[in-house]
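Chain lettering (A, B, C and D) follows the sequence in which the chains are written, and residue indices restart at 1 in each chain.
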Amino acid sequence: MTSAGIVVFPGSNCEQDCMRSLAALGASPQYVWHAESALPDVDIVVLPGGFAHGDYLRTGAIARFSPVMDAVRKHAEAGGLVIGICNGFQILCEAGLLPGALRKNAGLKFLCKWTEVRVENATTRFTSRARVGDVLKIPINHFEGNWYSDPESWRRIRDNGQVVLTYVDNPNGSLGAVAGLCNETGNVMGLMPHPERACEATLGSDDGGVILRSMLDHVRDSVA
Amino acid sequence: MTADLLVHRELGLTDDELDQIRAELGREPTYTELAMFSVMWSEHCSYKSSRLHLTKLPSKGDAILVGPGEGAGIIEVAPGVAVAWKAESHNHPSFVEPFNGAATGVGGIIRDIVSMGARPIALMDSLRFGELDDPRTRYLMDGVVHGISSYGNSVGVPTVGGETAFEDCYADNPLVNVACLGVVEHKLMQGRATGTGNKVLLFGSSTGRDGIGGASVLASAGFDDSSMEKRPSVQVGDPFSEKLLIEASLELVARDLIVGLQDLGAGGISCPASEMAAKAGTGIYLTADDVHLREQEMQPFEIMISESQERMLAIVEPRCVDEALAVCAHWGVPARVIGEVTSSDRLEVDVGGDTVADVPARALADAAPVLDRARQRPEWIDDLQASPNGGDPPEDLAGALSTLLASPSICSKRWVWEQYDHMIFLGTIGPPGGDAAVIRLPDREVAVAISTDGPGRYCYLDPCDGARLAVAESARNVAAAGARPVAITNCLNLGNPEDPEVMWQFGEVIRGISDACNALGTPVTGGNVSFYNETKGRPIYPTPVIGMLGVLDSYRTAVGVGFVEEGHQILLLGSTDPGDFGGSEYAKMIHRIVAGTPPKLDLQAERSLHLLLHSAATQGLMASCHDLSHGGAAVALVECAMAAHLGFSVDISDVCPQGEPHSAWFSETPSRAVVSCAEEHVETLAGLAATHRVPLSLIGVTGGSDLDFGPFAIELTTVEEITERALPNTLSASMDR
Amino acid sequence: MAFSAQVNVMLKPGIADPQGQTIERSLPVLGYTGVRDVRVGKRIELQLEAADEGEARDRVTEMCDKLLANPVIESYEVTIQ
Amino acid sequence: MAFSAQVNVMLKPGIADPQGQTIERSLPVLGYTGVRDVRVGKRIELQLEAADEGEARDRVTEMCDKLLANPVIESYEVTIQ
């Protein structure tokens, strides 16, 4: 069974939802406290949403110094899967595991709403269950989701196919309407929408399962 | 140190109260004691003006595990599954500083829930402001919503619903009422200082001078320009510390490390220390030197009454102290043992070896005077009720409908609730935008439906009938979502209790709530009274906000307001009275009149409707259901269509044959709902309605992209534009402080 | 004439600053000891037209009172260049 | 020795500043015209121990690089007293 370590920072708050949704998809998730300096033996690392350290100073600014982040970096360098959702995405950018930075939404309001995101690259380990152009309905929930990068890096990111998801209707001013992207090696992804909130039709959509299942598929296939 | 003769007045105590304190102590009080009495005996903490009346509210019921008097009411919603439910007001702090006032209001109600050993899983906010054409009102509203959003989202509790209404009378006195729902995870906690020799653990943020005398100063006196001077007591919310405090508290409960728990709010340490001892019949000995401070050289009285946020007090057996401290340390929550439980019945406070306070715990917690304040029915009310109620026909029906849809109190509140995380915990089956929020309890089948309602205009015209209508509407909202109304919490917002007319309103409100709760079978599990809501002598409308909680045995039977499919039948349940325009949105918006008497309510008819809706929902007969409230049938129909982006064609000319045409459209007769269902269920529904003696009329079918009312039709996209743009357009104009 | 103005807006003394406290607590973990009293505020920079420096200062001060600072909890400091 | 440090953290030039723009747009409504280029950043004040001013500046600069500012979007300015 695919194992996942959900990192809990002080101030994280979506860890329980990640736990429930991953378990419902058949994975075996466990929590990892941010002060741990080693990760348990897991296939996937999840940095969940929330407000690590209150998001004080800047989102993710303090969290990236948590002891566990060294272990997360090593896991990533060894090719392990890492997904950062919302605050997790912000932390990955601050830690330099993903490019760019997340600024305040252009409208200067917190936004919790359903969005449609388009799959731009279906060959990643996070989107193998989708096709390019598929539109997924997944909610966002953030004040700082306005992704930015300098023009030069932006060109490289695009050319490399690192843009994984874009908003159909850009809610926050994100450069290139980026909703989610991955690193150059394709094993670390960050996204502002919350796939774990879209795993049950009763709640409005189960499209988030496409992303989470793609990861589980990848782990299963690479073991086999 | 003995208190100066007039110091008590400065602290807000009357001469009589000082005499009573002397009698309790058998000597002159010290300054610290006087300060502690002043906060504990303030209106806000002691309920001295309201207590006599509150005892008349029905509070017993099979499902009620804990009634009023504790941190929150506890309701059993399924065998072995209990939830906590409580509302609080934070009106005055939110006027002084909207962002932080509202934020700390959210923090306060969350701690109330946690103090019961429950995990907070949903918030609701009931907001009242002045009219939006005033830039200052826009500033207040923006700040309040941002404050709730910032605190609630960060602390990780979804804000799943509420209400937002606008009346001139709230211009200088907005209402910010917040309710919180929690689920008891391991065991129910209570605020009891049991076990002589047990330790008193203070944990959470450090104690500073912020908020000294907040409760007594801000919430227990009238407002005037000098209130701006009271600003140093403004507090800044820290949702991050609160989040850690929640996790630490719940872990202490789950690991059985504490025997008593209470939050710190109004009254500071004095409040839980005296109340926990008084309830357990014990005493508490505190060393104020051990309190972790944020500022230097704080006086003992400051330490005892500071209302610094994000703190809790626990009672711990000596053998568990180390483990409890370790739990707090794990979460990064500062914690200190500051005293112990004694076998005396006194609260003793020691500083540097000197006793600065030694008072019977009960004297602080329970002995505040109970006042039977004068009540006087206002003379103006007869004239008001006898005046025309604003029910005259409009110039044109379509124009009136557009005006109502754009009215700030009716239009879409998306601008508000999109700023709130309303999805966390994966339980929001019924999101904001519907009648009630439906929340599935974590990992369970059972769900609760919650709604807050407080029709201020109705209560102004007739506080008793208005309060009955408030209870009825909140119950109808949860019934429309498919739930069985079970219990209420409340926030009663009124003017100055020293004004006999306000006190009369209060008595009438209590009478109305009791009456309705008895008839609807929904006891009161607790609540909050907020007096002194007035500026320059002008009281607000009496505004009882009712927080209704209903239960759905399965979340799967929840019903939404939006139509579901083309070709469904649309039914109107209940009968419509042509004259129900007093205090209506129609009368206010079309004729600028707030007069007459509020709509007539037959509580038996109301209850029958709830029973009908609940059983229809349980049997899966309804595709959608929306109760009728502000704006009447026409507005409700439009809302059903917009929620699903699906049009309709209806004829409502027959539903109110006695009245002029606009009565059928806009009259606010209670006890009604619009339902849509598949053709094959119409007969069964009609049979069920007959059994419950609820009138039913078939009024049309769903489908298309127009709202076809017969006399005229509007495009769905047009009304969507009207109601969705109303708030954003208004609020994008300037905001002045 | 064109002037540059800088406004520093800080929480008043005595008003809790959870943000500053959180940063302060995290610094030792990063190896920075001996840091105290961390306070976080806002800095606003702008350009404006005014007849002279005095007028520029008066206008910016007025803007602070009305919009840029929240006098209930914040104090501010204006520099004009 | 104890030093006071002030750090101004601003968005880099060229990076859109919606907060600044919002203020700029609302100033004319309040009667303030002729105001341009409003930028909103953070100001952090702190006290620290260091052997001399140079060391204090170095330590604060290091804190900025590591924690107080995000080099992707922000620049900073340190003053020591």
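One rule holds for everything that comes next: a contact is a pair of C-beta atoms (placed from the backbone, for glycine too) under 8 Å apart; a residue touches a chain by one contact, two chains touch by 3 or more.
Model, not experiment: these values are computed from the prediction.
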item	value
Pair joined by more contacting C-beta pairs (B-C or B-D)	B-C
Whole-Å separation of chain centres (CA-atom averages), subunit A against subunit C	35
Geometric centre distance via CA averages, subunit D-subunit B, whole Å	41
Centre-of-Cα separation between subunit D and subunit C, whole angstrom	9
In subunit A, residues with contacts to at least two other chains	53-54, 56-57, 62, 65
For subunit C, residues contacting two or more additional chains	18, 22-23, 26, 30, 40, 66-67
Overlap residues in subunit B, where contacts from two or more other chains coincide	238, 240-241, 332, 736
Topology of the chain contact graph, where touching chains are joined (line, ring, star, complete, other)	complete
Complex contact set, residues of subunit A against subunit C	53-54, 56-57, 62, 65
Residue ranges of subunit B touching subunit C (in the complex, touch as defined)	96-97, 100, 205, 208-210, 231-232, 234-238, 240-241, 294-295, 308-309, 332, 736-737
List of subunit A residues in touch with subunit B within their complex	10-11, 13-14, 16-17, 20-21, 50-51, 53-56, 109-113, 139, 141, 143, 194, 196-197, 199-200, 202-204
In the complex, subunit C residues that touch subunit A	18-19, 22-23, 26, 29-30, 40
Of subunit D, residues touching subunit A in the complex	11, 15-16, 18-19, 22, 42, 67-68, 70, 72-73
